[in-house]
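For reference, chains read A, B and C in written order, and residue numbers begin at 1 within each chain.
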Amino acid sequence: MPDVIVDAQHVGRAFAMPAGPVHAVRDVTLQIRAGDHVAVRGPSGCGKSTLLHMLGCVDAPSSGTLLFDGHDVATLSDARRSALRLKRIGFIFQRFFLLPMLTAAENVELPLSEAGASKRDRQHRTKELLDYVGLSARADHRPSQLSGGEMQRVAIARALANRPQLLLADEPTGELDEATGAQIAALLDRVNADGTALVIVTHDHTLAERAARVLMMRDGRIEQETRR
Amino acid sequence: MTPGSLGSRLVLLVLVISAATAGAQEASPPDILISRQLAAERGLVVGSIVQLAADAAGTGARTFRIAGIYEPTPDPARLGAVPREVRLHLPDLLDVTRPPGQQPGTEYIANINIALVDRADATAFSRDVNARMPGLIARPSSEAAGAAGPFRVLERFHLAIAVVTIVAATVFLLALTIMLVDERRETVGILRLIGLPVRRVLVQVLLEGVIVAGAGAAFGLVLALLSEGLINAFFQWRYDTALVFVRITRDVALTSAAIAIPLGASATVLASWALLRRSGLRLARR
Amino acid sequence: MNALAFAWRSLVRQPARATLGVLGVAAVGALLFDMLLLSQGLIVSMRDLLARSGWDIRVSAGDLPGRGGRVSAATSTAERIAALPSVKAALMVRVANAQIERSGGGPPIGDAPSIGGGPPIAAVFEGIGGRSRHREPIAPPWTVVRGREARGDTEVVIDSAIAAAANLQVGGTITLRASCVSDREALPPARLTVVGIAEFPFAGTNEDAIGGSLDALKAACGGNVGDEADLLLVTSVGEPAETAAAIRAEIPHLNALTNDQVVGRLQQTGFTYFRQISAVLTTITVSFAVLLIAVLLTVSVNQRLGEIAALRALGFSRWRVVTDVLSESALIVGSGGILSLPLGLLLASGLDRILKEMPGIPADLHFFVFERDALFTHIGLLVATAVIAALYPMRIVSSLPIAATLRDEVIG
């Protein structure tokens, strides 16, 4: 049985609001193993992104237990969680969040630099990743000079910089047209095929159909799980 | 100044005050006034009998009675110096300071201070005296110091500091308005895309700039008025003086507003102008 | 990419904003630097001027030299002082106003300008006379740069400004009217020989000066001088403080002050205004700079919250993003601070020129004097400014809720 990367047991997340607490996620039990390809779908406000943030140690559950690589996320310090995100988890966002003042190569290199890789290793890995996503020729271009699809590919390369076990994508094709979205979907398939576990939050059903497991969420709960 | 009136002759003398011994020799000594600071320093009160002499040896000492204690007019030229002052009737002062052997009536006075009924007559009055009385120089008090007077120099110094401060503030203001305008680039882009002309948007921006600058100037004025009180209180305590160090006059307030509001409005328009030169599409794009 | 390099790229991303921030700090920093120079400048300059004069004690009738009247019986007083074992020399100084005729004109009448040669040149005439141990020559309070010292009652030295204005050379004759008692005296002109051109360190910026013996001064004043001196200058054999105490013991009614004591008195009176204004303006400029840098950084950070949240999600530690903000502040304040030094020195020379126009300020006295301590204080204050200004924006990034911010960015 592949290793369990994330083990969520009855996790919930509530937000305190003036009108009373809002339970964005309720009683979710879920395991993500190495090599998994999971899509999370559901209507707006059902708690998909909140669940993704908890899986990625960006947010901590208000109830239940969430173990990442066997460590209880709630007991980890902020520094430890940051270290986990840097080295074990990759994030891809709907709005790309590339740094506009850095080139594509520099954006990809950022997590490597933060992880303390040597200059040689950084340069080598950056070239490798840009080749992987098909953007070697655009290495010295800034985000303002790239298309939406190209920016997302750079973002994927950046997310893979430190060889994470788990890649989390929040609406990765949300701001892209259908054709470009398909290219990104194919790239994500390849990432998963190369061994990285993948959890994608998406409204895009064609993207969701490519996943081995599809989780349907409603009102903060996983209503249905479909396996292909 | 009429003879016999309570006036002062501006002389630099060392006055020695010593408390009169019991059994003062003069039956009803002449009256004098002393400054509050001198009274506090020497523990003197109204009614105290003192002796004044022109030198430390006590030559020609005369006995006087303290008739009153006054608050000396603060002299900015002597800031920091404790005003140990005595005011006597002129004949008494002449008696104390007359060198031995000098005949009474042969003394001279260095200055005569004149208070006119109408202050505006000062220049004409001075001209008249100069024409009629050779050997005298009459001039209005405001011209006494001349361009090189210490306070004129300080005025120029303060002005130079103010200019530097305004330059620095303008630079920062420009930086801030550029940032604030940039925050609204999307809004401006959308307005342009839906058809508003550049001029219309600029008028909007100018209006906002004037309002913000006006509010800022008003706030600054309130802050200045508060500081005025604090600064004056502190320095009056520090130097034991009634001198006013900072005064926000109507002219000062109006000048500040006249500088601040156009500066603020211009900075906003300048920052926006650079933005508005771009197309609406570019501005509205994220 | 380390924090400084990252901060540099962040600033360069918005060049107009960054440039204006740096220039603003440079302008404020220049003013701050000048106020630090001013705070001790007068004291340092006066101390140096007094030390260079070669005289270590000043004896006067008032609480400060030049104030409070004249020293009476000056000759016998100077002799008594010179006779003290710890005194090397005592010099009497008497000062009078003089009106010098320009060559080519007749004598002036009253205040009217002289006929033909132009208006008379107003000057200060310093007359000196003294005693020294073992009859050693006494250095006057001026330095002859051409010619020789004045001797007797017919010779004087003049400053170069008078020489130029009155068209006088060494060996020439100067005609002047001096007034030792009052400006309203009408005395016959005195004709004296110019034997030297000298520098008068204690003469004011707009003041011309003549130097000679007391006898020359008395002759110029028509003998109407009296045995009085404005000041007695003393050099001591041993410690000036001990000598001053000995003089005070010998002549209790006079004030004998060492150079340090003169500076100390001036610090409490005449110079105190500049220390106070320096303190007030230093406080205001630092507060101003902190406020404005804080606002610049806060607005900048608020515009990039999404990026910062994304970096945190990617694994950047809280400490790292906080350091990025601090580095930005350090770069703006540091760059502006470096620029502020030459700017400050330039501004200081201009402000110094303005203040030196004050009457009675010696030409060699400066209000703004460069001192290493002022530089170190300036650097320290700028460092504090950078740190304090960054505190609030650092707090924003350190407490940024990552998930909520990412969510808001998508919705926004």
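Please note the rule applied: a contact is a pair of C-beta atoms (placed from the backbone, for glycine too) under 8 Å apart; a residue touches a chain by one contact, two chains touch by 3 or more.
Just so it is clear, the structure is predicted and the values come from calculations on it, not from any experiment.
Viewed as a network of touching protein chains, the structure reduces to a simple linear path.
In terms of C-beta pairs in contact, the better-connected of the chain pairs A-C and B-C is B-C. Computed centre separation for the pair chain A/chain C is 66 angstrom, with centres defined by C-alpha atoms. Computed from the mean C-alpha positions, the centre of chain B lies at a distance of 22 Å from the centre of chain C.
Taken together, the chain C residues at the contact with chain A in this complex read 1-2, 9-10, 12-13, 306-307, 310-320, 402-403, 406-407, 409-410. The touching residues of chain A, counted against chain C in their complex, run 49-50, 53, 56, 58-59, 78-79, 82-87, 89-91, 93-95, 97, 99-102, 106, 109-111, 113-115, 158-159, 162, 170-171.
Contacts from chain C toward chain B in the complex involve residues 14, 16-17, 20-21, 23-24, 27-28, 30-31, 61-62, 67-69, 72, 110-111, 182, 184, 206, 252-253, 268-270, 272-273, 276, 280-281, 288, 292, 295-296, 299-300, 303, 347, 350-351, 354-355, 357-359.
If you check the complex, the residues on chain B that touch chain C are 12-14, 55-57, 78-81, 108, 110, 134-135, 137, 148-150, 153, 156-157, 160-161, 164-165, 167-169, 171-172, 174-176, 178-180, 182-183, 231, 235, 238, 274.
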